[in-house]
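Pasting the structures here.
In what comes next, chain A is part of two complexes: it sits with chain B in the first one and with chain C in the second one.
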Partner chain A sequence: MQHQADKTLNKKTPFFKKPGMAYQNFTAFLKWAPPGVWASICLMGAGQLVYGQIVKGIAFLSCLAASAWYFITMGIKDLAGIFTLGTRQEDLWLGIPGDNSMTMLILGVFAWGVLVLTVVLWYANVRDAVFSARRVQQGKKPRSFRQTLRAMADDKFHITSLSLPVVTVTVLSIVPIVFMILIAFTNLGGDIVYPKLAGWSLDAWQKLVGVSKLGGTFQKIITWNVTWAVSTTLINFIFGLSLALLLNKKNVRYSKFWRAFPILAYAIPGFISMLGYRFMFSQSGPINSLLTDAGKDSIFFLTNDASAKWWARGIGLFVNAWIATPSIMLMASGILSNISADLYEASTLDGASSLQQFRKITFPFVLFATTPLLISQFVGNFNNFGIFFFMRNNVISNYGDYFLASDTDLLINWLYNLSVDNNYYSVGAAISLVIFAITSTLSLAVYMRSAAYKQEDRYQ
Partner chain B sequence: MKKLCLYFLVMFLALSFIVPAMAESEMYQRVMSRFHGELEQGAVVQVLENATSIELGYAQQLIDAFNAAYQGLGVSAKIMDIDQYSDLATDGPYGYGPDVWYQANDILMKYATKQHLLPLPIFDLECYPHTPRDAWDAYKMVMYDEPFFCGVPINVQSGMLFYIESMLPDDWQTQWDLNQNGMPDFFETFTALYAYSKAVQENGGTTKYGYLDDLVDVYFSFGYLFTGGAYVFGSDDTDPADIGLAKGDAAKCASMLRQWAALMNNTEALDKAFASAAYSYLAQGTMLCTITTPDVKQMFVRAMINTGSWTREEAEADLKMIPVPRLPKSYDLTGGPWQDTITDMDNLTTQTIMMGGMNGFGISAYTQCPNASLAFIQFAASFPQVMERNRMLGISPARGDAAAEIGKDDATVQMMFDNLDNNLIYIMPAINEMSQLWTPGESFLIDLCTDAFRSSRGEPELYTTIEQIQAALERMVQQILDAIFTLS
Partner chain C sequence: MSGSAVIKKRKKRLTFRRAIDNTLTYTALVFISVFFLFPCLWLVLASFSKSGSLYDTRGFFPSAYSFQTFVDLFTDDVNGLYPYGRWFSNTLYVASMSCVLGTVLVILTGYVMSRFRFKGRDSIKQITLVLGMFPGFMGMAAIYIIMAQFGLLNRLEALIILYAGTAPLGYLLQKGYFDTIPQTIYEAARIDGANNFLIFRKITLPLAKPMLVYTALTQFTWPWSDVLLPRLLLKNREQWTVAVGLFSMPETHFSRFAAGSMFIAVPIVILFFCLVKNIVNGMTAGAIKG
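Our next item is the complex of A and B:
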């Protein structure tokens, strides 16, 4: 009851009452605010000290002090640096110090992140002071530090438990994504690399859209990329499910023994399998040797030749299936063992055939459970860098008018060619944004339409 | 009056040389000020050597020798893992990467042009007077309107022909030595080598093939184009807007590669993976000869020992490394009797120009110990160490005194040195844009050589005329230009 009353405290405070009337609420809030709240507005943690919450007040003050120290020593410079990306060019030979645009961009993103964090903390500090003020107005004592800790482990547990993941995701995922997005709007790359200074620019997007060579290659690659991602995901799923169904059959003898083979393929690191297959399908590899020994012509499996295009693509699909099918098989085996035998028994009594049982029971059940995984497989396959990097790098398809790419390259390989091999960072970042837009849109669309999302409770 | 004019002229000429020299000297002094000669106490010089040198133990020997020599002087050296933070442009500014890097000149200069490598006070080094100017020029670049040198050349790299003497046909002295010079004719001209290879493939011999190679390696195959007058970049390889790979008789020369591919009739020639199989192929008698760089000589020796037919001493004596044969001036390997190219060599053939590199040492601009690093390079470039590098790796030294000493027993080394002096080695250009050459170049070569196999597979042939090859060369040039300029 007490917690419920506490929860409503903030809602009764003018500023937090009606979000739609921000200005009126804000002025009403300022009129209402008692000195303790004003203290927190002016100095983070001061309100808590006014209300006798010493530990909490010191904690807030410490955060403010750390933030102030950071901004005074370097943060203000970094906040401004992100706008200029440097004004003095370094001369490494003469030892004349200068700016590093890439570093300034990274530090700038970090500084703005710290600023946002400080504002959020300040807001939390004011909210906390308001909460204490309301309690005081109601004739209660402000929460002690022990009560605050108890509340964090109880009704505010969601905040406690999610804080660390949110901070981790912010630092490890969001900051790099923001950094990459920003790179796409600079002219970094090519000749503009450290120690030369970069600047803000839409060059990368103009080139991606406007330069015909780039645009033409982009179209060809994205068409193949989508085809690849859909087909390889389906192939892996079908093979994995088929294997699981086969090995789950009661009449298959030594099923555990047979199951070990795909697991062995799974246990071998993927790149070793890829290099192995690259050798097998190379011109001097065993497959071509067998062909020539048998008096046949060797086949251009992976060579830079028009005839190799679909061979190489097919080999890519096969190798990816070899690597990924076992994991699907293992997961499907687990899911199959969870399907109640009663369902099959009842359907058999109703006269359902094996195919009908598969269509109406097994497949929907497996699909429901694996949709999120299939989406992640799709995204992974869309960005499957390794397959064609290990199988067919250093190839430019002469016959297909590709720009720094081969006809088997996926967007991620092209991105690598442009940004790592050729230092076109901003164009690479722009392409990666396109990849992100495609994969996130498709993934979300498929997931929102899937049974796993719409009928979450159905199989629970 | 005449004397006075002459006096003024002499004074003017003298001043015109002295004044720039003084200006150059001032900037030179500023740039070189960090090389004051005082070793940074406690410094550990991180050295990035190449894979073969590490594999065959020379790199460790060099480090041990340096550490022993500098024991008590407060500096030491250690080997870095291959490829560990070797991208100075991205890793260097953050404090990673080697202090000293041994690499081909084109790679070193890619970093030097962006100031990631330091210019070195080469005129103060002991090896300077012993090394020819061409070798130093592989590391030359102009900055602040003055020339600077960002590397110390150690060895010349260029394609050489490898063969095993005991696998020569028994009748070579009677059938294949028309000029009676003690050298098999098929190692003197490519026309004769083509004829010999054809005879061996059709009639059998001591080996299955005569000459077998991967024809799609730009480093080796572009020598054909250079021989025909092509070049990589204009203005002494400094102008990336002028790519000359389709110039001169490049197309005719390229057609010889197609002829080789057709004769070899082995699709392994289309795959660079052949290079790693070449050692055992030569040792097992699959082919009589192949072309590769001298620094892998020991890999052939090892492969020969592995067959069990040679001891190390026997293998080293039996394995021969000679300059590549001459090319026909007709640029047609089948354009007449091969005998004519031997009897009238000067008129019918020309020296083959091979692409080459100048492997050497550079110092990272991010090093904390430039003086210790320079001391290490000085040590590694010394006469005894270069001799040792030759002994263990079979390299051809860039130092003239070392080349002369080794040349007493191994004429090939002296020949390689002379080839460098005579411009028969096309040193890879030292500008950043060179990195855009390899992939389009390799794709062109694969496409061209694959053409020899198309008709037998029912596919239309694409490069049967010189005009078609010329068009393909121009497409390749355009690809390189696109790679350099489209996004820059």
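Our next item is the complex of A and C:
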């Protein structure tokens, strides 16, 4: 009888989709469920105990206990806290400790995460009980502890190995990002930090697009940021590609030796190169001392001064080229060696000049193979935090009309100044969302148009 | 004019052109080599500077040389301002621990995402793609609070957890590599009765050696030279890593900076030169497959 119900599967709404385990709908499933499954539905882990899987049952039960303990002691409060962001302001006179909106927000995100995790675990527990029930119906025994362990190393290898990464990435990456997205829609930061209470608002966005000092800074920075990303990517790409072509030339002997110099620059940790260049271009650095020795005035290369604006920007482009072209060169030469020599031979026979070969063979091939790379380079440069952070020592312009930024800062530097160094959380979070919007649309648009995406199969 | 004379003339023109080509090529090569070598050389020589301050150099090179800075680096911490020895052991601890843990996590993730088809795989792929587009340290303020809640501020373990725990986000490269290993190998092992864990240990890992090396290297160099997270989470000077310490050094301690960066840069440079082949393979594997 039960078997018959199983066979009349409705493929549209399968419940517990697994071969021979689908039920027409939820009510049919409930009707079928034997006591063990019911036990699991009512109490996580009870079903496993009913089927004699003691260790697994206890594991589920203790997860439930931990979760329940968390929610009773603090979780329930946190679940609600995310909506109110605190109701009680600190009162030093009466000695009342106040609510900290920021902590409440992040603990709220965390609590909702734990709730979702508990529900997922509960679902997994019911599924597991159903699995055991099926085995019993088929006349087999439920899996023993040993069999379970073996399954974890085999059929469920993917679950076993992905569970830890999923948890760490959730806690360390997803929760912070969700938290920051939420913060962008509060008025937290600036004057409103503990002990003041924050609330939900669109304040940060109004400030960004408004005509205030903050809005002006935003426009200036975003213009420079786009200019920077385009020019530095182009410079690095052209320079790196020509370097690779040069080293790939037939008449170059000992190319390994020549290649060592760019690789040296690539191998040195970036921050050391950047700090080194900061010293080189500093007020009392060697370049300026040579200039003064020659009887000229020293130049404010990176100093906090209005005249340094274009110097610093130019030096930024230069240093980034010094650091990044070797990696482009390495990748391009890897790609160049993949081009089949037949193509060149055939074209030489047909009388093609080397320039034609470059235009018709080398360049299209390299462009095709490096499009994804070019995109990631662009996005990386758009968010190139290090260059101006290290080289200008995180200065904040005391000239011009910049709000907690300098004239070389990219959006990401500004974001750092605002949210890490100066507690302007909501504005900082709004800027990160802008950066996200720009980089994601760019990479999506360019990637979809690129040949690499359309002809993926042809080159694989 | 006879035929042989024409050929001779053409040959002559060819050798002439080749000579010009060679000169141009080698001039460019020498120029590029100087371009890349000079700043490194400058820094190396500065570490042997006798006076130690940036103000005392005239031109690029120090007027007198000595080993004193290297001795000072480990013996004289200027009243606790620059305890380089402590910083170095901190860095070594953080970098090696996160290298081991991070490599395990990334390799496992890449392998599973490449080889297994399971429910939720596509959503994991999409979520990581989206996460990668957020600016890297967007959540730094949140991370600070989370670490404070767990009581991990001023602890090196916080850094290890962070580096290793977020490493799996960059699994795409490793996945791309595993994609190139033919499925038939796995199927054969399956038929021989090996379970998935055994296949991973006995077949996948040996095959993935170049990728393993590349991953370990990147997982090591990242904490080795990161400034931001340690600057955020470590407040005591004693707890700092070298990168934060070097960042804090002023111009008066220029040769201390130069000497200190030698110990950070030289091991990495040597590693890179030994493994340059693996690195290029690793980079292009990801570049083409995406």
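One rule holds in what follows: the second predicted complex is superposed on the first by the 268 of 460 C-alpha atoms of A that agree within 3 Å, B and C clash if a C-alpha of one lies under 4 Å from a C-alpha of the other, contacts with A are read in each partner's own complex, and residues count from 1 in each chain.
In this section, a residue touches a chain if its C-beta (ideal position, glycine included) is under 8 Å from a C-beta of that chain, and two chains touch if they have at least 3 such contacts.
What you see is a predicted model; the values in this text were computed from it and never measured.
*Asks:* In the overlaid three-chain picture, which partner chain does A:L92 touch, first (chain B) or second (chain C), both, or neither?
*Replies:* First partner only, chain B.
*Asks:* Of the two partner chains, chain B (first) and chain C (second), which one does A:Y123 touch, if any: first, second, both, or neither?
*Replies:* So A:Y123 meets neither chain B nor chain C here.
*Asks:* Between chain B and chain C, whom does A:S282 touch in the aligned arrangement: first, second, both, or neither?
*Replies:* Touch status of A:S282: both partners.
*Asks:* Between chain C and chain B, which one touches more residues of chain A when both complexes sit on the common chain A?
*Replies:* C
*Asks:* For A:N422 in the superposed arrangement: first (chain B), second (chain C), both or neither?
*Replies:* first
*Asks:* First (chain B), second (chain C), both or neither: which does A:S298 touch?
*Replies:* A:S298 contacts chain B only, not chain C.
*Asks:* After the superposition on A, what does A:F271 contact: first (chain B), second (chain C), both or neither?
*Replies:* second
*Asks:* Touch test for A:S307: chain B only (first), chain C only (second), both, or neither?
*Replies:* After superposition on chain A, A:S307 lies in contact with chain B alone.
*Asks:* Give one of first, second, both or neither to describe whether A:D154 is in contact with chain B, with chain C, with both, or with none.
*Replies:* A:D154 contacts chain C only, not chain B.
*Asks:* Contact-wise, after the overlay, does A:D191 reach chain B, chain C, both or neither (first, second, both, neither)?
*Replies:* Once the two structures are laid over each other on A, A:D191 reaches chain B alone.
*Asks:* Do chain B and chain C touch any of the same residues on chain A, and if so, which?
*Replies:* Residues common to the chain A contacts of chain C and of chain B are 103, 279, 282, 284, listed in rising order.
*Asks:* Please give the residue numbers of chain B that touch chain A in the complex, ascending.
*Replies:* 30-31, 34, 89, 93, 114-116, 118-119, 143, 148, 267-271, 273-274, 277, 365-366, 435-436, 438-440, 442-444, 446-447, 450, 453, 456-457, 459, 472, 475-476, 479, 482-483, 486-488
*Asks:* Which residues of chain A touch chain C once you look at their complex with the stated criterion?
*Replies:* Against chain C, chain A makes touches at 102-103, 106-107, 110, 150, 153-155, 157-159, 161-162, 164-166, 168-169, 171-177, 179-180, 183, 243, 246-247, 249, 251-252, 258, 260-273, 275-277, 279-280, 282, 284-286, 289-290, 293, 322, 326-327, 330-331, 333-335, 338, 369-370, 372-373, 379, 383, 385, 390, 412, 415-416, 419-420, 425, 428-429, 432, 435-436, 439-440, 443, 452, 459-460.
*Asks:* Please output the residues of chain A touching chain B within their complex, sorted ascending.
*Replies:* Interface residues on the chain A side: 91-95, 100, 103, 189-191, 193-196, 207, 211, 213-214, 279, 282-284, 288, 297-298, 300, 303-305, 307, 394-399, 403-404, 418, 422-424, 427.
*Asks:* Using the touch definition up top, name the residues of chain C that touch chain A in the complex.
*Replies:* Per the touch definition, chain C meets chain A at residues 18, 21-22, 25, 28-29, 32-33, 35-37, 39-40, 42-43, 54-55, 57-60, 105, 108-109, 111-112, 116, 118, 124, 127-128, 130-131, 133-143, 145-146, 149, 161-162, 164-166, 168-169, 195-198, 200, 221, 224-225, 227-228, 232, 243, 246-247, 251, 254, 257-258, 261, 264-265, 268-269, 271-273, 276, 279-281, 283-284, 287-290.
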